[in-house]
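Remarks on the structure that follows.
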Amino acid sequence: MDIGFIGLGHMGQAMARALLKAGFRLTVYNRTRARAEELQAEGAAVADNPAEASRGDLVITMLADDPAAEAVVFGEQGVIRALRRGAIHAGMSTITVALSKRLADAHRAAGQHYVAAPVFGRPDAAAAGKLFIVAAGEPEPIARCQPVFDGMGQRTFVVGAVQTAANLIKLCGNFLIASMIESLGEATTLIRKSGGDPQRFVEVMTNSLFPAPVYKTYGDLIVEQKFQPAGFSMPLGLKDIRSLLAAAETHAVPMPVGSLVRDHFISAIARGGANLDWSGLARVAAQDAGL
Amino acid sequence: MDIGFIGLGHMGQAMARALLKAGFRLTVYNRTRARAEELQAEGAAVADNPAEASRGDLVITMLADDPAAEAVVFGEQGVIRALRRGAIHAGMSTITVALSKRLADAHRAAGQHYVAAPVFGRPDAAAAGKLFIVAAGEPEPIARCQPVFDGMGQRTFVVGAVQTAANLIKLCGNFLIASMIESLGEATTLIRKSGGDPQRFVEVMTNSLFPAPVYKTYGDLIVEQKFQPAGFSMPLGLKDIRSLLAAAETHAVPMPVGSLVRDHFISAIARGGANLDWSGLARVAAQDAGL
Amino acid sequence: MDIGFIGLGHMGQAMARALLKAGFRLTVYNRTRARAEELQAEGAAVADNPAEASRGDLVITMLADDPAAEAVVFGEQGVIRALRRGAIHAGMSTITVALSKRLADAHRAAGQHYVAAPVFGRPDAAAAGKLFIVAAGEPEPIARCQPVFDGMGQRTFVVGAVQTAANLIKLCGNFLIASMIESLGEATTLIRKSGGDPQRFVEVMTNSLFPAPVYKTYGDLIVEQKFQPAGFSMPLGLKDIRSLLAAAETHAVPMPVGSLVRDHFISAIARGGANLDWSGLARVAAQDAGL
Amino acid sequence: MDIGFIGLGHMGQAMARALLKAGFRLTVYNRTRARAEELQAEGAAVADNPAEASRGDLVITMLADDPAAEAVVFGEQGVIRALRRGAIHAGMSTITVALSKRLADAHRAAGQHYVAAPVFGRPDAAAAGKLFIVAAGEPEPIARCQPVFDGMGQRTFVVGAVQTAANLIKLCGNFLIASMIESLGEATTLIRKSGGDPQRFVEVMTNSLFPAPVYKTYGDLIVEQKFQPAGFSMPLGLKDIRSLLAAAETHAVPMPVGSLVRDHFISAIARGGANLDWSGLARVAAQDAGL
């Protein structure tokens, strides 16, 4: 199976590397070519443009946001013109529901398959092939993708034939994480200002009610106030909440916690936190309490 | 060890029963005597008033709220006058930080020991002896309580000598649960209105990012909209958030998610949901979206 | 002076009528031609397309939203191609800051003048020539517009040469109204549920602290729960808050009351209130309190 | 008519002075006696305790909060024991609905009259006899108070026989002011960060939609960022919102803008603003946007 891989940021490069390690043949493309060339030693071929990476059976995209994904797919040397009929585009980026819909329509019109397959996990999970993948699309192309997904993820959840369902679940999952961070930020700030030990608080919580790795990971970052380097940056967090709220508005669903978290992302960025990890939401909570 | 147990509501009765089953000798008291008598067959002695249940080495209180706890401790036939010097009062109710402080002071002045030991877990966990207990107070009396705690809980977290620290952690823990319920309510509402399957969403979340029982338990209640019978009722949820916000105001800590959840508890009650489980916060989210 | 007037909705028709009554010569255009023809009896010439209404010295646009304004200006038979060099486009619609910027750039590039001149006031104020106009742009074209503005408004506030400043003030003004409605809704709900008289409350407020007509107007609508017919509808209110929050995000400004009002607009629409006046925000407050 | 006046803070002293100037005979009491003695030159007799100031036909109280009012009325040398049957207590402080109810009951039981008569206006309005007074209670004692009220206020609104109605309107009025401050703070922050002129914005607003003195007063304070000296301090603002939210909870009314404003008062205090005027809420908005 000839696979193209487009988008080699923190996540994309780790995912591509996991695939190479698992023995897949990859043609990689990245706007900044240097990041693509870093993978040559591991066996990847380097493409000059998205089209060149879209000549095989499957092309995977892992890009930062909607504009990047649109440029790569619909641009001059884009995916959609290069991909042959019957081939698959697996979109693993976290994009809006609206763009996913547009991609589904465009690929269908071109006789191609579009599988939406966003992922949960930070770069270290990607490197270890331990991502969670949420996939939606026609069953047959998903089945063809499965071995490739298995090279990057520990588990794939297929959530139906409508591609946007996967994107919405991804956005909702990130919303749950962001709201957990916000709540942990508020609670640990209170513990701290009351003279208590926030670390002990997180220990109690993660060893009783909330024994989920995500609570442990973010709880520790918050307690240690270790918001750099950014595994997932504030502007990306804001982008995802913005995408979520746009989808929610389409369906006439108010999400007050979503709105609150959005305001705090904006505030974090306004206060100089654009380079922080999104767990830095907890810093906003602390600052608002005078810490 | 002679143990008194005061307060036999859903939680208290299950906890007392677990202690009896574990072989402890119990004198129980409840305002509505019938609930105390239900435990006679299992070996409990029934007291006529709180004082009678406070003649031993340890008295445990498990009451609904501050006024109930105050009445039992400071009232006519109350705990504080009956307890002998050196004996222990283990307060396991979810009360305010302010009352816990007052109890600590009063017991100290009377030459008695006060251990704050609130619990996490619903009545079924109490019956199974699977609670999580958060204890604070002097080490020696906590050590004396430990075997008793082991009869009710799967684990005890000792969080220091200042009793209020335990109560604050309890309130913060309930806040984390309430905010999780709120966020799950908002997210599942969006999934539902978008035509997706909220059950599948909860499955994906609890098998990937959030493999904590509390997410599974509440996720299922929310998806099935099974808000009755109330394991933990709306007014109790509101009371705990009110107590949290009062403590936070004392320390000049704004908790915007706390405020939002408080408003939704009030709204749930205003819309006729006073008898619902607090997971019914998700019904507010659904109604606000026109469902 | 030959004036074109494009967009004859509730507001636009009332404004055009005021101009005709004041003696101005008008060529009018509306997508639904019938509304244009209603003005023929009062002396207006009817154009077949936007271009035909843009042949004079000044063309005024008063459209519902960004897409409508974009279509009229940049479309096939649009304003920008038809307007001669040195002529003026006075954009009086409530549009986004981003579109206003784009219009300013496009008109400048075409050697034309763009004056942003959004208005405050409901249709009855427009009919009476009593609007408030907030104008921004180069001084000379604004001076040329002034007599025309005087035909529609009781006062024009010139707020500088940067057109977007006027649009932002318009959005902020609507935000102040929306937040006032929200607060009045919450307060009157409390008065009502406490057994008090919300009408008396509004009387006290508008005869003491808040003797502004806008408090009187909306206070009365809220007390009488007279949310129809819609002078300014929910979806338009939501659109303006959305535009405001987009501008605020651009400048990294969190606006928590704005976010809250946005959620309530969405909720109002979700609960079947899309046809209500935006004062119907108060109905959301009442419903949330179980009324 | 012999009048007692208890509580000579910023507001109380200005009110007492207005009464003296209007020719009323006053016996004044203040915990810090020096502030009472300042009025001797203007003809006031100085009392040694609240009881001494309660021997006439009418005693007015103007105190900072519930505890102060409770101490003065129910304390050792308190109002309630000293006031003769048929005499009147006019409570003009901003107190909770719950305390007003308790006062009404206690005075009724003692054969005395209680008139709740809180006021709107800052100290300068009090000195000029230009307050707005909201009065509730039995008609006859209110009629007796009217000439006295006329010495302090420009207008009295009688809102019924149930005393708490006046207190609730007072709290709701302060809520409307606080939410106006919050909204003005958010809007002016946006104008400022966008490069616009917040002063011009306030001018436009107060000369068009919002020609109410309260908008002008607070708009100017906010634009000039002149938050000191405090005409009405942050802790007092927080107290009033807390009282409002307590009353609202009693009636099961969620007030989300109230909750938001409460959080911002707390945050302002946490960030060192306890000595600021409550218009300093706008500083929180500015800081949250990185200014």
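Letters are used for the chains, namely A, B, C and D, taken in the order the chains are written, and counting of residues starts over at 1 for each.
Here, a contact is a pair of C-beta atoms (placed from the backbone, for glycine too) under 8 Å apart; a residue touches a chain by one contact, two chains touch by 3 or more.
Computed from a prediction, not measured in an experiment: that's the story for all the values here.
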B-C compared against A-B, more contacting pairs: A-B
Furthest chain, CA centroid comparison against chain D: A
Separation of chain B from chain C, taking each centre as the mean of its C-alpha atoms, in whole Å: 53
Length of the line joining the C-alpha centres of chain B and chain D, rounded to whole Å: 39
Mean-CA-position distance for chain B and chain A (Å): 37
Where chain C touches two or more other chains at once, by residue number: 248, 252-256, 260, 267, 270, 288-290
Chain A-touching residues of chain D, taken from the complex the two chains share: 256, 267, 270-272, 288-290
Residues of chain C touching chain A in the complex: 242, 248-249, 252-256, 259-260, 262-264, 266-267, 269-270
Contact footprint of chain B on chain A as seen in their complex: 97, 120, 132, 134, 155, 157, 159-160, 162, 164-165, 168-169, 172-173, 175-177, 179-180, 182-184, 186-187, 189-191, 193-197, 200-201, 203-205, 207-215, 244, 247-248, 251-258, 260, 288-290
